[in-house]
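First subunit A sits with subunit B, and in the next complex the same chain sits with subunit C.
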Partner chain A sequence: MRAGSYEIKLVKRISLTNLRALMLSVIAGVVALFAFGFVFVAAGIDPFMAYQKIFSFSFFNDFGLPLTINRFIFLLLCTYAFIIPFRAGLWNIGMPGQLYAGSLAAFGVLHVLDIGKSTTSHMSPLIIWGLMLAAAAVAAAATGAIAGFLKGKYDINEIVVTMMLNYMAYWLVSYMIKEGGPFMNPGGRGESFELPSSLHAPLIWGSPYTLLIALALGLMLFHMFAKTKLGYEIRAYGQNPAAASYAGISRFRIPLLVFILGGAIAGLAGYHYFGAVPGVYKIARNYGFFGDLAFYGIICGLISRGNPLASIPVAFLFGGLSVGGRYVQGELGMSFGLDYALLGVLMITLVAFQFFYQYQIVTTRIRKETSDVGILH
Partner chain B sequence: MWEFFIRSLDASTIFLIAGLGELIGQRSGVLNVGIEGAMLFGATLGFMTAQSTGSYLLGFLVGMAIGGLLGLMHGFFSISLKVDQVVSGMGIWILGFGLTTYLGAPYAGPLGMDRIPTVMGLSPFFVLAVVLAGAVWFVLSKTSLGLQIRSVGEDPSVAEVSGINVSKTRYYCSIMAGMLMGLSGAIYSLDYNPVWNYNFLQGWGFIALALVFFSLWNPFILLGGSVLFGTFWQLSLNPQLVLPGLMSRYVWRMVPFAITLGVLLMMSTKWFRDRWGSAKPQALGQPYFKD
Partner chain C sequence: MLLKQIKPGEIVLEARGITKRFPGVIANDQVNFEIKVGEIHAILGENGAGKSTLMKILFGQYQPDEGDVFVGGKQVKFKSPLDAIDLGIGMVHQHRKLVPAHTVIENIILGHPGAGRIIDLPRVSREIGELCERYGFSIDLKAKIWQLSEGEKQIVEILKSLYRGAEVLIMDEPTAGLTALETEKLLASVETMSRENLAIVPFITHKLPIVLRISDRVTILRQGKVVASFETEHATEKSLARELVGRDILIRTERTTVEKGKPILEVQELSAFNDRDLMALNGVSFTIHEGEILGVAGVSGNGQGELVEVLAGLRPSVKGKVILDGKDVTAMSSRKRWQLGMGYVPADRNHVGSIGEFSLVENTRMNYYFDSSFYTRGSLNQHKMRAFTQELINEYGVAAPNPEVKAKNLSGGNLQKLIMARVLSRNPRLVIAHLPTQGLDIGAIEFVRNKLHEAKENGAGVLLISEDLDEIFSLSDRIAPMYEGKFMDIVPIEQARRDAVGAMMAGITLEEEI
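Showing the complex of A and B:
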């Protein structure tokens, strides 16, 4: 395209420096929040006041901050579940299904040990927590493995598969906790039995211990992608599966592995919300809401460009925004689903920004002599 | 039983119309994984319009228009900006899922209008869907426009050399695809089940996407697949009709999704691919770079 004596061209970026990526991500976030401001304007609410309320509730309020931290742990785990396959160029949108499977398995441990009905247990809580975590990770990894296996072995679109698994797991949870299902709460309120108080997760600085697990996972994943052979193979597969397979990287093993790893982490997210967050300690009736929230993991993963350490502040910010969104919705009398609307606006803005991550706009001045002798070229 | 059969055909209408949209888009090389988002938008805005104006016609038109706009947006992202088509499609889905939850919330509940008249219980939209399937088949395989669309989906650079405007063709197909998805959503919320509830589609769009792969990009196979899955879906809602008391109703709800997985698996075996695998548009999902 030409404008005067300048030529404007789209050039595909060969590489993107970390600094520039960070800059683009920050701009994307700001643009998304600006765009979301129009949702407030449309509802006749001053967006600055609304944002101020959101931020002060989520980050500077004794009641809101713990909610934000719990949400942050959940989102961070979901983000990791998304970015491990994402670095391999695959889309894990099966976090809801995987976390439902993980929650069912964690509560399944209690069910098998027959702890749910009696309030005391002869086993050490430490062992039971360990079993719950392990069961959640294994069950969710197995759910993820289905998608990874079908992708690796038969090249079946992982989006369709993970989505089908999401709905299957969703109804499985309904079956387990409602209408006489095995995990039904004795009160019959359409939710699962409760964790006995002796098994309430230990708190560290007022937050569930899963916080440490999530942060440690971040460091481990960063190390894995940067320094290990597996991390390299995942990245190579993500760049170009065909080229990677010439280099001896298996087109079966990588999809399977990334979905197992991602699934396992999503399972921990399920355990975290239903088994470790103070005041929950059961598979809640509105468990579908937590499945929906898991999609924030996609956004955190996209904006942090698949970087496990960059995901930490991003998940904290969006955790706060989603908590604050729900709060101002009630406070300002707005209609249900403000946090969902935010999810949508953030997502579509990030999609538009994918363009800037891949291309840059280059303007060059057209020199007179070259444009005159064009026929010789 | 007649009622169940009719209800199944009504359900298949929704799969079929959304699937036909996706099929047109995919034939031109544009993969849109955000069908469910476009359907949610069409359903929600159609519902809101119909309820506030009292006009079904306006509801359907708005549903189609918003679907077309989303198709245009998908085209802009994936054709002009060359963003990965999967990324853009996921964006449409999550935008639809998120925004319609908020927009529709004040309208939650039944539509409260007279039902659309039926012929012996059958919705006129089923007839429309079958006619559409025939029309799409005719245009795609018997007209020069169809040849143009297919060539763009198979090998865009060859199409370009033979004088076809690749970007323009893909844009039109993507918009058309979006309009059909929006219409399908509006049929759901205005005719099939006129009650608004948040994220009520619960996977219809994704099953429609799987059905397009299943159809080998042939509108008539898509019609057959839609009727089959419409029946499965109704069965999963009313298991007592066939096997009363066998399993919990929640377990039955899992069945259509499990069958979808089974069908996808069957289609991906070497045996199947060797015979029918070549039906897939060669350039599906790939952005076109003009050099």
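Showing the complex of A and C:
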């Protein structure tokens, strides 16, 4: 294409540095916010004021920030659940199902110990928290393992399997917590029984202790991918399964393993939101909302290019915007769904900008004497 | 349509001052090239010399950054290969682009504008039959592509172009993958075609005798530039080779015989299925000793791939036994075999032997990631891994700026050097080398062959699988011609005759001459 005396060409990139990728993401974010500004303008609202409200509530407000952090922990865990199979070239679309399974197992521990009905327990809360965490991880890992096993053994598409399992787990939760279900709330509000106050998760800097788990997992995963044998096997399999098997990496073990690990972490996300976030402490009636939110783990994982440390700020941003979007929706009297619309626009823009991971635009000045024979494409 | 306006001996296709740049390289630098009606004009060049870029420009797949293409004296700008086809330019690809489940006729008329919605099969087969007769092709038009040999598939590709009205035929490595017999037939047909005033442009890497035999003129590309262009009658194999690589070179490996040690690999009655569940490897037995190279000679697709994969632990065997260094490894995983002293250089160095997106360090790690000496408490000693890679790069002369570059940026020869370095540095007891020099340039071929020979001298047993009889004869101590999943024979080099081995590769046992 030509513009004046310049020629503009799309050229395929040879390499992309992390810094350049970061810059592209930031630009994409700015473009998305600019584009979404028109939604505010259409509603007769000053977009600068709206964004100012969103950001100040999400990140600098005493009420908003804890909400942001709770969502951030949830999203970050979901991102890891996506990233681990993603680095092996596999797509985990099953975080909702896995986190539902994890939540059910965590509350199942209480049910089995008969803690839900009576509000006192003879066991130390420390043991019970441990049991809940472990149960959530194991149940979700088992859910993930179904997809990993089928992929590794019979090469069945993991996207389809994880997607199907989401629906099964969704309705299983319904069965368990709605009227007549074993976990139903005595008040019959279509939600599960509540955690007794003695089991409310300990807070660290005002946030649930799961924050530490999530951050520590980020470091561990980063180390795993960069330095360990397993990390290498996962990455090699992800880049090229044929080359990986040539090198002696099992085509069965890796898919199974990444879905077990990813599933386990998604289970922790379920435990976190329904078992550790202050003010929730039950499988909420709108649990499907969190299943949907879990899908943003995919987006965060893609934007951070599978890097567990890079996903920390990304998940923080997405957590904040989902909180802030909901807040201004009420504050400015806008219509329902503003938060998801905002996340949606951000997501589409960021995904569209992935184009520039592959290509770059190059402009060259056409010299006068050759401009008449310039090649037209 | 084209030739109606141009007389024999006149220029039909011409490229003037073609320059094509890709990020970081100039693939074609001011290339001039012309072909006359009724001429065979070979283009010779090593990998990366810019042959395929030029070919794609002539066929409209790429547009040049500078320079022009002329057809019949008129300047043309091809937007896509369709424009080139419309002007009578045809391309015969090295990697055949045919539908295996369809018949020869169906493949020939696929995409043909004259075929219409309702295909008049009798008319089409009559016309194709006439083409076959004219140029001396014999092929069953109703056969399915998957039933054909590589040589026959090549003929289908040619017919496809001719039927679309091609009068300039661009052929990419026309004899790759063909048996000696098929090559002969193809070359005869090519000669007939050129007498019928078709212009033919074969692109050839390094089969110099073929160039000398069939072409009228030859143009040699080196690093994107035309370094020589002359009438073939003035050329010799030696002069072509000199222009090709820029120095005097002749591939020669001095084969020495070393003391044969104990058996390192014993294979008994080994059988395996291919990916389509057909018995592709059918009861093969052999033994390789220390200090010995067994050369399996055969045209690809006769079970060599399956044999190698079963030996490497990547494909289950149906029957038979594999004993490596005295241990029965038939049921063992690939990694166990690596640890027991197997070293495997796969045929597909880009997609199996290396990971393009990984750095050279991480590619070296492919054969070392399970080696605990590179880890401290489960954590990789990155410094050691990098230093080790640098050592291999230096020792094997891999041309790479540093060990952090991605493998996909290496040329074929350098990548193969890295793979050889990585595999041989493990001091394997058994080396499996599958088509180790395929697609390499002359310098790299010499290097790889010498390294295999060196491994043998150091006491390893080597299983060499190759299509190239020169390679088989220059390296092997014993030769096993392979045909349809079986070894036709195993012949000691002293008793092996080229024609007999060549015939056995095609399934024919020559009568013993007395």
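Annotations
Assume the second predicted complex is superposed on the first by the 345 of 377 C-alpha atoms of A that agree within 3 Å, B and C clash if a C-alpha of one lies under 4 Å from a C-alpha of the other, contacts with A are read in each partner's own complex, and residues count from 1 in each chain.
The working rule: a residue touches a chain if its C-beta (ideal position, glycine included) is under 8 Å from a C-beta of that chain, and two chains touch if they have at least 3 such contacts.
Computed from a predicted structure; not experimentally measured.
Touch criterion not met for A:Y209: it reaches neither subunit B nor subunit C.
When the two complexes are overlaid on their common chain A, residue A:L342 makes contact with subunit B while staying clear of subunit C. In the superposed pair of complexes, A:D292 makes contact with subunit B only, with no contact to subunit C. Judged by the touch definition given at the top, the superposed model places A:E233 against subunit C, while subunit B stays out of reach.
Contacts of A:Y167 after superposition: subunit B is touched, whereas subunit C is not reached. Partner contacting the larger number of subunit A residues, of subunit B and subunit C: B. When both complexes are overlaid on chain A, the residue A:S15 reaches subunit C alone and has no touch with subunit B. Of the two partner chains placed around the shared chain by superposition, subunit C is the only one that A:A243 touches, whereas subunit B remains out of contact. In the superposition on chain A, A:K178 makes contact with subunit B only, while subunit C stays out of contact range. In the superposed pair of complexes, A:F222 makes contact with neither subunit B nor subunit C.
Against subunit B, the residues of subunit A that register as touching in their complex are 39, 91, 93, 150, 154-157, 159-161, 163-168, 171-172, 174-175, 178-179, 181, 292, 295, 298-299, 302, 335-338, 340-345, 347-348, 350-352, 354-355, 358-359.
Residue ranges of subunit A in contact with subunit C, taken from their complex: 11-15, 223, 226-229, 232-233, 235-236, 239-240, 242-243, 245-250, 375, 377. By the touch rule above, subunit B contacts subunit A in their complex via residues 33, 77, 81-84, 86-88, 90-92, 94-99, 101-103, 105-106, 108, 198-199, 202-203, 206-207, 209-210, 213, 248, 250-251, 253-254, 257-258, 260-261, 264-265, 268-269. The residues of subunit C lying in touch with subunit A in their complex are 23-24, 63-65, 312-314, 333-338, 344, 346, 348, 351-358, 362, 365-367, 369-370, 375, 378-380, 382, 406, 409.
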